[in-house]
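Here come two complexes built around subunit A, the first alongside subunit B, the second alongside subunit C.
On to the complex of A and B.
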């Protein structure tokens, strides 16, 4: 009798097996082989030597990238939660007109393909000749400045773009959560003489915390393994800028994925996979302790 | 009853998911099978499949010309566009049933395919006469280890394109005169430039690096980013870069197309955009401009042509030999030059009066005298990155040239070591 549940869920399990588990398993297998350009069809298992080489990729440059990634994740999360919360609160203000229009407009960055958004910002905002920022600088009589050529300003540029792209999700989630807070609580708080900030602090925040926690964890991961914004703004072939900005994923890509050495790249991928699993366990635990 | 149906449906769904995993019997003749290789006769119709990742109009021109030449032999050539051809060939390069017989692509990825052992040398299917009329530089581009794997059809290289309405006087014959012109006619604050170039892309700096005798990668697969002559070329390019805006493709082409730059160093691929922008442009060969050391500028050239896959060579050696002969004919070159403005690899094609009168094609042909084919060994694939980082560090981050060269050289050596 115990077999029946397995049989019912067999199609779904099989799908997960094919789509999720198999690629990971196959990557693990490739990481143990010498598959590269010179051993394309005749590759063989060579044991753990790729891992020994891959560990050398996690050098001082990698540590720098890890630090940048952590800073990037923390700053992004703080900004997204802060801005998302206040904008969502503003959208729920009593007597606000055209509420739906604002919500639709705020969703726009999310609806746009990331690649298009990033290229639009690169050319439309940051470009030295045609970008909006430099047009302003020129109009103010200031010299042109290439924002993406300096590591610190490039980091800020990536931050601004990521905020623009990720905020809609945060606003939508917090906005949804706000609807679930019992309105009578605010009424009784008002009767007790509570002000706006007291209501926010003692009713709104505790009320929505549990609902937005999963969204926050998900966004943390997406931010941690961010690749496209940093890569397309500062590192794309033919469009490389002077900034020396790397997250763990762009660093690993630059150092292990352009060589057509699939054995080595797979070993690096597996190590990154372990790193992200550890990061997820740590985040989950800290969330549970809360 | 309901339970039985749902169980049955679950099982069917699970089985259905695996349905695609079966093996399809191969329809193409395998080597050594009963349908012996090379046994086709002139009466049997043969279709040769060529994969490409290029411009559809160019491929159509080639297909039309080749097919009309081969109609008497009962051979049909079909061109199929495959985006990301390099990756497609990695997957299907040795698949006789689903892969192509030949491929049409740029020559610089040749080494990668040869290393993967999926290509047959041209000598297996065609005589040496298919290369008899080809420009020497284009023939050289198709060789790996002394063996010819690639038949050149047309080629591209960098030329000096200028806006006739904006350029004043003659085109300088030395790079120092060019620099003086740039200094006098560039106003970075106003956003108007004399000459723009993708100054931090290795391909576009190659005229300087090669002209100074430096190299990015030599034939032995050794990177030369810290070679004193390479450093000299990069250092010399730096002063030009300072007067050439940001230097990325979009910026420089837009500057030129909007009339904010009087000239651009670029390839024939820019021409359709320039024509669309309504700019009356002139062309000069980079070979006509000399560096302070007396050498002419020597850009890289990219050669477009065909390679033969082993599976194709085993299945249809005779037909492929005829296709190669047709592709090598001057008619293909003339047709391409007239319809798409491509510079033919076949030297005889330039005898056609209409081709000989085309300013752009003649400038490219002239540049072929000093141009060097891009390295075609697999190591080149991993060198564009370190080379670009080197140029960016010098031109955009203001790093010391020698230090940046050393860093880039180490990165290049590491990248090459990682390939093994």
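On to the complex of A and C.
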């Protein structure tokens, strides 16, 4: 009986050990070496200097990327929660007959394969020749503008795209949570003379908070780890736009696959891993206490 | 009387505004998709015309013919099917028995292993991509579908294990105890009782794994270097990075063809998506 559970889970654990655990360990090892393009085979262990370079040398770009990522995560989460909440509330308005139609249409961006959506936006919306944005600018008599070439506008473009892709999940989650709020609470509040905003503030928000929290935490992680949008919009191999936009993940990727600083890239990866573990332990605890 | 009418007019006004807002919102959500759809049915000049409309001016199926027969789209499609089906098969084959063990039996190391799996799930696989690249290169699995399936199966296995464990937890033990009293062996019980009961959860988990792999592009474009082994992601990536004016309408047709099956599947299992995605992450 003591061996049986391990027997059942051996294939899964073995697979995970080989494909997930071992590469993390290997990354940790590489982070301690000077492996790069010139030292592909004859690298040697150099201690913690890659970590020192990432953390204390400002021109390494890691701290800047970390700041960008934090800004990206905070702004995204604020926008998603805000927009998602009001849209979901609107969907639940009394007498809205086309509710189901709206709900289905709004879910479409979620269902699309992410890379297809991003590439569609890259050419169909942001491109200077084929992009709708520039076609509309031209129609208004304004000069063309390559949005993805400038760091700030590229950040805004990524933000808009991420909102487009991520909102459906948020709307669906909040919409689901809204169903669980006791309707009789609203009625008695109305009798007491509470207005719309008071009801939202004192009944709706407290009522759904505990249900939204896990989904919000999960989305925060996903947003923090977002790679595809920034990479596919601004840093495709051979098609780098002029924008200097890096999140921590694209930073690690660039250092591994573009500038071939394998040691530095691995050090950054390990730092991020520790950061993510600490963050997930902290949120797990606070979620349980709630 | 007058007050009532005023209230009703106000209500109608409110609904009109709300409907207007939602129509606008849906339009914004659909614009990129509609644009691609229109373009995919348009002649090659349409992409550059500055007059944009949501209806193709000269409807044609030329782009679809070209993408299906002039480009190796069917080969990419076949490769994507191999990758997704292979991954679903291997990850579920490993994950389901493990999930059952972790759900049913209490044993030393169980809690620790589950916690560890959660932590591993938080680690973005991109960060160990270079290590994986080096390992695959060393053992000669780079540029093979087998190597990529192995990587996908490993990461999907963590997800599938948690997802299936969550479901097994909801099947009452009493059902199994009853069958054991009837003299069923372990194997019989799992094959005849547990798996049929878990069938809906297995199907949903399979579909989620399938969608994830179908939509994955980064590993697919980094680890498959040879254009004959490209999956749809690699092919589409190549289409959009080439000269736009020729391939942008082609790309839009390809995008429609890639998305349609996923859209169909997604809306079929949509109600499981919200609960399924959050369940694995939080339940301890």
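Everything that follows uses one rule, which is that the second predicted complex is superposed on the first by the 206 of 290 C-alpha atoms of A that agree within 3 Å, B and C clash if a C-alpha of one lies under 4 Å from a C-alpha of the other, contacts with A are read in each partner's own complex, and residues count from 1 in each chain.
Keep this in mind: contacts are C-beta pairs under 8 Å (C-beta built on N, C-alpha and C of every residue); 3 or more make two chains touch, one makes a residue touch a chain.
Since this is a predicted model, take the numbers as computed values, not measurements.
Enquirer: May I ask you to decide whether A:239 touches subunit B, subunit C, both, or neither, giving the answer as first, second, both or neither?
Expert: A:239 contacts both subunit B and subunit C.
Enquirer: With both complexes superposed on chain A, which partner does A:259 reach: first (subunit B), second (subunit C), both or neither?
Expert: First partner only.
Enquirer: Of the two partner chains, subunit B (first) and subunit C (second), which one does A:96 touch, if any: first, second, both, or neither?
Expert: Only subunit C is touched by A:96; subunit B is not.
Enquirer: Applying the touch criterion given at the start, work out whether A:37 contacts subunit B, subunit C, both or neither, answering first, second, both or neither.
Expert: In the superposition, A:37 touches subunit B alone.
Enquirer: Where does A:138 make contact in the superposed view: on subunit B (first), on subunit C (second), on both, or on neither?
Expert: both
Enquirer: Between subunit B and subunit C, which one contacts more residues of subunit A in the superposed model?
Expert: Result: the larger residue contact count on subunit A belongs to C.
Enquirer: Between subunit B and subunit C, whom does A:8 touch in the aligned arrangement: first, second, both, or neither?
Expert: Once the two structures are laid over each other on A, A:8 reaches both partners.
Enquirer: Would you check which partner chain A:20 touches, where first means subunit B only, second means subunit C only, and both and neither mean what they say?
Expert: A:20: touches subunit C, not subunit B.
Enquirer: Touch test for A:124: subunit B only (first), subunit C only (second), both, or neither?
Expert: In the superposition, A:124 touches subunit C alone.
Enquirer: If you stack the two complexes on chain A, which partner ends up touching A:146: first (subunit B), second (subunit C), both, or neither?
Expert: In the superposed model, A:146 contacts subunit B only, not subunit C.
Enquirer: Residue by residue on subunit A, keep only those touching subunit B in one complex and subunit C in the other, then list them.
Expert: Touching subunit B and subunit C on subunit A: residues 4, 8, 11, 15, 18, 123, 127, 129-130, 138, 238-239, 256.
Enquirer: State the interface residues of subunit B toward subunit A in the complex, per the touch definition above.
Expert: 6-7, 10-11, 13-14, 17-18, 90, 94, 112, 115-118, 188-189, 191, 198, 200-201, 245-246, 248-251, 254-255, 260, 378, 381-382, 384-385, 388-389, 392-393, 395-398, 414-415, 418-420
Enquirer: Residue numbers of subunit C touching subunit A in their complex, please.
Expert: Spelled out, the residues of subunit C in touch with subunit A are 11, 14-15, 18-19, 21-22, 25-26, 28-33, 35-36, 39, 47-48, 50, 52, 90-91, 93-95, 97-98, 100-102, 105, 107-108, 110, 113, 117-120, 122-132, 134-135, 150-151, 153-155, 157-158, 161, 214-215, 217-218, 222, 233, 236-237, 240-241, 244-245, 248, 251-252, 255, 258-259, 262-263, 266-267, 270, 273-274, 277-278, 281-282, 284.
Enquirer: Using the touch definition up top, name the residues of subunit A that touch subunit C in the complex.
Expert: Subunit A reaches subunit C through residues 1-2, 4-6, 8-9, 11-13, 15-16, 18-24, 26-27, 30, 87, 90-91, 93, 95-96, 98, 102, 104-117, 119-125, 127, 129-130, 132, 135, 138-139, 164, 169, 172-173, 176, 214-215, 217-218, 221, 225, 227-228, 231, 236, 238-239, 249, 252-253, 256-257, 262, 265-266, 269, 272-273, 276-277, 280, 284, 287-288.
Enquirer: Inside the complex, what are the residues of subunit A that reach subunit B?
Expert: It is residues 4, 7-8, 10-11, 14-15, 18, 36-38, 40-41, 53, 123, 127-130, 138, 143-144, 146, 149, 237-242, 244, 254-256, 258-261, 264 of subunit A that touch subunit B.
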